[in-house]
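Heads up, the next two complexes both have chain A, just with different partners, chain B and then chain C.
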Partner chain A sequence: MRVEERPGIGGRRRISWFPYLSLFLAVLWVVAFTLYPLLSALWYSLNTYVLGRGIVGFVGLGNYREVLASQEFWHSLGVSLLYALLAAPLETALGFGLAWLVHLRPPGYRAFQAIFLAPLFAMDVAVGYLGVTLFSQQGGLLDHILRRLGLEISWLSSTWGGLAGGLILDIWLWTSFCFLVSLAGLSTLNEEMYEAALLETKSSWTVAFRIALPVIWPVLSLAFLIRFLEALKTFGLVYALTSGGPGTSTLLLSPLVYLTTVRFFNFGHGSAMGFLFLVLASVFIALFFRQLRRVVEA
Partner chain B sequence: MRSPIWRSLSFWSRAFAYAFLALWTLWTLLPFLWALVNSLKAPVDTFSPKFIPVLDFKPVLDNWNAVLRDPNVVKALRNSALVGALSASLALGLAVPAAYALARHSFPLPNQQILLWFLSQRIMPPAVVLVPFFVLMVNLRLIDTVLALVLVNTTFTLPLAVVILSDVFREQSRDIEEAAQLDGAGEVTIFLKIALPLARDSLIAAWLICFAFAWNEALFAATLASDRAVTLPFLILASRSTRGVDFNTAAVNTLIAILPPVVLSFFAQRYLARGLSFGAVKG
Partner chain C sequence: MGKEVWEKAYALLEAYREGKLSRRHVLSGLVRLGLGTVAAQRFLEVWAQGKLLPSAPEAPYEAPVTPERVAFLRKKPYQGVTINILILKATVGDAVKYMAPLWEKETGGKVNLAEVPIETLYQQIFTDLTTGIRRYDAYMTGAWFYGDFFTTDPPYINPIDDFLKDPRYPYWDPKEMLPPMRELYTWKGQTYGTLFDADSQVLYFREDILTNKDYQRRFKEKMGYDLPVPPRTMKEMHDIADFFTGWDWNGDGQPDWGIALHAKVNEQGFFHFLTLAAPYVISKDNPRVFWFNPDTMEPLINSDGHVRALEEYALFMRNGPRDMLGWTLGEGWNLFLSGRSVMEPTWGDLPTLAQDPKASKVKGKVGAAPIPGTTEAYDPLAKAWRKYSLNRVGNVNGGSWHMVISRFSKNKEATYDFLAFMANRKNYFFLITHGWTGVQPGVKYAFFPPYGTGSVGEWEAQGWDQHDAIAFTRAYYENLTLPLQEPYLRIPGAAEYWRELDVQVSNVLAGNKKAKQALDEVYAAWQKITDRYGRDKQLKVYRASLGLK
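Coming up: the complex of A and B.
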């Protein structure tokens, strides 16, 4: 994403309308459909909204106070954080490990690469739904296999089972992303570096962790932050697997905002939750952009 | 050509590496295969531990027939395809000129900052703007329309397309463009007649990536639609909550939902790393 500052084509500096118009239209679109909704969400979060009548009264921080006092918000927040804190590191580690092995170009590595990338664009809702047929205690594949091994886990009827099931599916789906980024990062290393390293050490672990990992660390840390943020935002995967149950014990933040908004039409609370969510995420978004600047400007 | 590291590995290290690769291959393919097997089972075989079609059980296409004849599925499939294709086209229509401008011109603000600004729209939790989008679509009388979903998905995929394509244009040779300029061609002509055709493959790849994102989007699909504009993710979420899961139908539904973007993305692999890592990685 390196941008060179250059004058226009051919070096002639003249103001022309075409690039300005082109950029303006895209910027206008994003402003209209992001900044405007964001500001109006802020407004909704400060008001009481009644369906059919619209905004009926300004309540200041009342919605925030109520959301912050509600147990289900803190529960969903905790569950989402836990989910992201487990999913992101596991996926990053697995993705790097697999990428390193494929990067060594063992026989058949192209086939491995294609297979490992296959889940990348799988619809998360569908994966969660498919998960029901894997974890179900009435004929689910994984349950069947684990039973043979003498393990009985109530995947879909317990909080921890549901979360573990969601995590397993998340790892199945998104390790592919970390694999992809790691592989692209590793491709910037050249053979001579390895030849030289092998003169110094006999251990391939040393080469992997002392040479390859530090080189791709900036990019890998970005993959980690992207995965962390995306896991925090997870909507469809766990929701399709557990419907948030048992009760609402596996309801992550995005589904909670969704239900509050669409099922209960509590727009004030929905917007306030959204903003609290944004505040939390912005810490990691800030980290992400700091790291991204470093990487692209390096 | 094996890598020098691979050649330096002992037999056991290689065996260990292979075991790990094989295990992950199995793990990746198993859910796909399981769905495929279930989709071919007659209801009597559903809960029996039979895994290999033809040998273990008689494969039937009844489930596929039933699902693909279900008017709700047909409608969702058509809506999903429409939302994906229209929003990807609209996003590209806006992103391509903008990306070209960012690659060829310098603006009063550093181009780098402009790109990062585009990205910041993409990484924000979309749940924040759920309420305003809902109210906006109600006010515009677009609730439960395909158009509403097209507008939303265009917004979410546009930044992605700008980042992918500004890289593509920056790396594209300018020789022909400069020659055309010496011959007196205008900027718009150069863009349309030279830059665009040269970038054709990348444009297709960017389109496919945007299509896949829009196809998979569930939060707004479930919020802004209720009947006419129902897409596949919403159909699946709704069927999960109304009845228990029928394995065979679920298998067909998930395959229909999962396969199109997965298959299409194989054609865009070169651009994936760059696009999905927000331009941080050169693919």
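Coming up: the complex of A and C.
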């Protein structure tokens, strides 16, 4: 960084402190809100914490060993991965499909654009509780319609029903994000390229998959990555429907960390789970970018 | 005057204190007992000095009230004082919200209420206490949080015994509370909680259906014995649930159910299990040990008694909709209130809500009884089953939500004043007789003679059906005064212990695990929790909670 020196009174050079101050504030922000909590969580993960008595002993990697030996952790991680692996691709595909339809500018496309974006403004826990009114077997709208069609699903009291309900809500909520990103990507495409492609084939879907999709692939991949990581962290949607039950069968990783850390003050285990999740997410991100780089270079 | 006359005179004065008799009636009664008119007047005045007045204009929302309180209120003692209280976002919290403006009018003080859902209440209380924020003067607490308040010395909360002796505060008497309930509001002989909710689970049933002659005949044909009203044993309860499941006994054209349960995990469903499990473990040979071995702190939760209790509890899932597994309280109660379930073991909210004709089809049809017993109970210390003619066990399961004062409060006097205001007879009676408040009765004056000093007319005046009021209060009283009571878990981390149990009970109800495997897993999880909190420390608190040295 170049610090500007200006002539001062008596011809002495005056140093401008503004760049230092700006840098200091930025560093302070990172230290206060990123580094300190991270290091603090790391410290908790290496200790045993008891409510009312604070840290009562250093256990080294003991918390990590216990978490890794816990069936509950692996189960929640597995359910979260399954959830993310289903939600993220479906939302990305649907978002792209809807964006393509809007991009073709059919009559009333602006209204559809607004409708597709509306869920972005909803809070996930609120959507979760909305789901209870949709899926409840005591007068839930969706449940009522499905029963009329002869389908009986225990949405709120079975493992698969709960997960399916959560996924339906997740897809409704977050497809709009992928739609928005896809739409932005499509708007950067060269119009002449479309027209030329449409002369070659009469199917607009062929143009979508052969021309548009490869061109916006890097952008769409990022949308997928963001959704995948967000879906891994999902908290409110499924929890509002089932509270993680029956048992812990629909308990995703985020609510497990929340229950462990915040509700029962087991900061040691909760922090260890958080760090293990951080490692996992970092591995996913690294693998993803390596793969993306290969695709882009190819 | 002879002893008998004195007793009659004091009975008159008590009725006067409770507002049941006017001053004129008492005076004429005293005269009839043989006192002259002047002597009777003098007698009444002397009694009233430092005693209780049935009401006073200075205290329009309190009855009875002490003369000192009346004088105190004339000064508007809390003008400019604001108190902050953390309450549960639920019916019991609504009750506090209702009472706050009344107290403000009377005293000049101001109450700020912060509401939080049940999922975060525990976390909010202890974050406030342990991180130095300490913004609240009082907290609404579940009785199972008590152990955590006593992890420091002095404890996080303030005893109220000194306040209780001071007649300037609103009058209420902890001795009016039934013993098992009073125990939940105290710790090592000191009182910490002010009278509020008194949770306990009893069995509610459709008396009109169980006494239907045709159904009784059909029950006898199928089961080989007379339909028992109410069921007295778990076997009878299961038989009734089985008999009334899957056919239209209420004439609405739809098949109905034998039982309603609210069994959602991470809610309050596991209290069902605790309530129904009690007579499988607690008995006259083992009256106090349910949770842990009091010598070693080894969990007893996977004993043969607990396992059988869970196995038999899980059988009830076939007697209600499959969705019960995902139901919270309201959904469970709705099935009974809509007239589609013949029984429900739950809290006193159910009969109270049944009085609302907009929400209920069962007003005037609600029977109630203590939870059925067993004829066999397992002693987990002696590791032996023992037979009994009938082993019934009462319970105080639930939150028994009430307020405690923070040790760090800077306005303890005003805070106690408000809490005592809600415990005053006039306000408390209003709370226990109105379903929307969620406050359950735990004092003698709520019950009718021969049990207590209340009158059914008072309940009818609040909109209750006479039959329902008598059935409810009798069952509630009998349950709370049974010689055997299920011990309540009041040790640090109780919420965490219960969560492990809750999850595994839910697994068994869903058919994901066998009872033995599930409770073995609870055993292992409880051992880890105990080790984390410190076995010796936990043992000490656990023994204290059982009244052992």
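The working rule: the second predicted complex is superposed on the first by the 261 of 298 C-alpha atoms of A that agree within 3 Å, B and C clash if a C-alpha of one lies under 4 Å from a C-alpha of the other, contacts with A are read in each partner's own complex, and residues count from 1 in each chain.
Following the convention adopted for this analysis, a contact is a pair of C-beta atoms (placed from the backbone, for glycine too) under 8 Å apart; a residue touches a chain by one contact, two chains touch by 3 or more.
Remember, predicted model here, so these are calculated numbers, not experimental data.
Asker: Look at the residues of chain A and decide whether chain B or chain C touches more of them.
Answerer: Of chain B and chain C, more residues of chain A lie in contact with B.
Asker: For A:157, decide between first (touching chain B), second (touching chain C), both and neither.
Answerer: second
Asker: State whether A:73 touches chain B only (first), chain C only (second), both chains, or neither.
Answerer: A:73 sits against neither chain B nor chain C.
Asker: For A:137, select first, second, both or neither according to whether it touches chain B, chain C, the two together, or no partner.
Answerer: second
Asker: What is the contact status of A:243 with respect to chain B (first) and chain C (second): first, second, both, or neither?
Answerer: It touches chain B and chain C both.
Asker: In the overlaid three-chain picture, which partner chain does A:224 touch, first (chain B) or second (chain C), both, or neither?
Answerer: A:224 contacts neither chain B nor chain C.
Asker: If you stack the two complexes on chain A, which partner ends up touching A:40: first (chain B), second (chain C), both, or neither?
Answerer: first
Asker: Counting only touches as set out at the top, which of chain B and chain C does A:264 meet: first, second, both, neither?
Answerer: Only chain C is touched by A:264; chain B is not.
Asker: After the superposition on A, what does A:19 contact: first (chain B), second (chain C), both or neither?
Answerer: first
Asker: Applying the document's definition of touch, where does A:48 land relative to chain B and chain C: first, second, both, or neither?
Answerer: second
Asker: Overlap the chain B and chain C contact sets on chain A and report the shared residues.
Answerer: Correct list for chain A: 136, 138, 243, 262.
Asker: Please give the residue numbers of chain B that touch chain A in the complex, ascending.
Answerer: Contacts found on chain B: 1-6, 8-9, 13-14, 17-18, 20-21, 24-25, 27-32, 34-35, 38, 46-47, 49, 94-95, 97-98, 100-102, 104-107, 110-112, 114-116, 118-121, 123-136, 151-152, 154-155, 158-159, 162-163, 166-167, 170, 174, 177-178, 181-182, 187-188, 190-191, 212, 215-216, 218-219, 222-223, 232-233, 236-237, 240-241, 245, 247, 250-251, 253-254, 257-258, 261-262, 264-266, 269, 272-274, 276-283.
Asker: What residues on chain C touch chain A, complex-wise?
Answerer: Going by the criterion above, the answer is residues 119-120, 122-123, 126, 130, 148, 151-152, 156, 264-267, 321-327, 331, 334, 492-493, 495-496, 499, 503-504, 506-507, 509-510, 512-513, 528, 532-534.
Asker: Show me the residue ranges of chain A that touch chain B in the complex, using the header's touch definition.
Answerer: Interface residues on chain A, with respect to chain B: 1-10, 16, 18-23, 25-27, 29-30, 33-34, 36-38, 40-41, 44, 97-98, 101-107, 112, 114-127, 129-130, 132-134, 136, 138-139, 141, 144, 172, 176-177, 180-181, 183-185, 188, 191, 194-195, 198, 202, 204, 207, 219, 222-223, 226, 229, 232-233, 235-236, 239-240, 243, 253-254, 257-258, 261-262, 267, 270-271, 273-275, 277-278, 281, 285, 288-289, 292-293, 295-297.
Asker: Which chain A residues qualify as touching chain C in the complex?
Answerer: 48, 50-54, 56, 66, 136-138, 154-159, 162, 241-249, 259, 262-266
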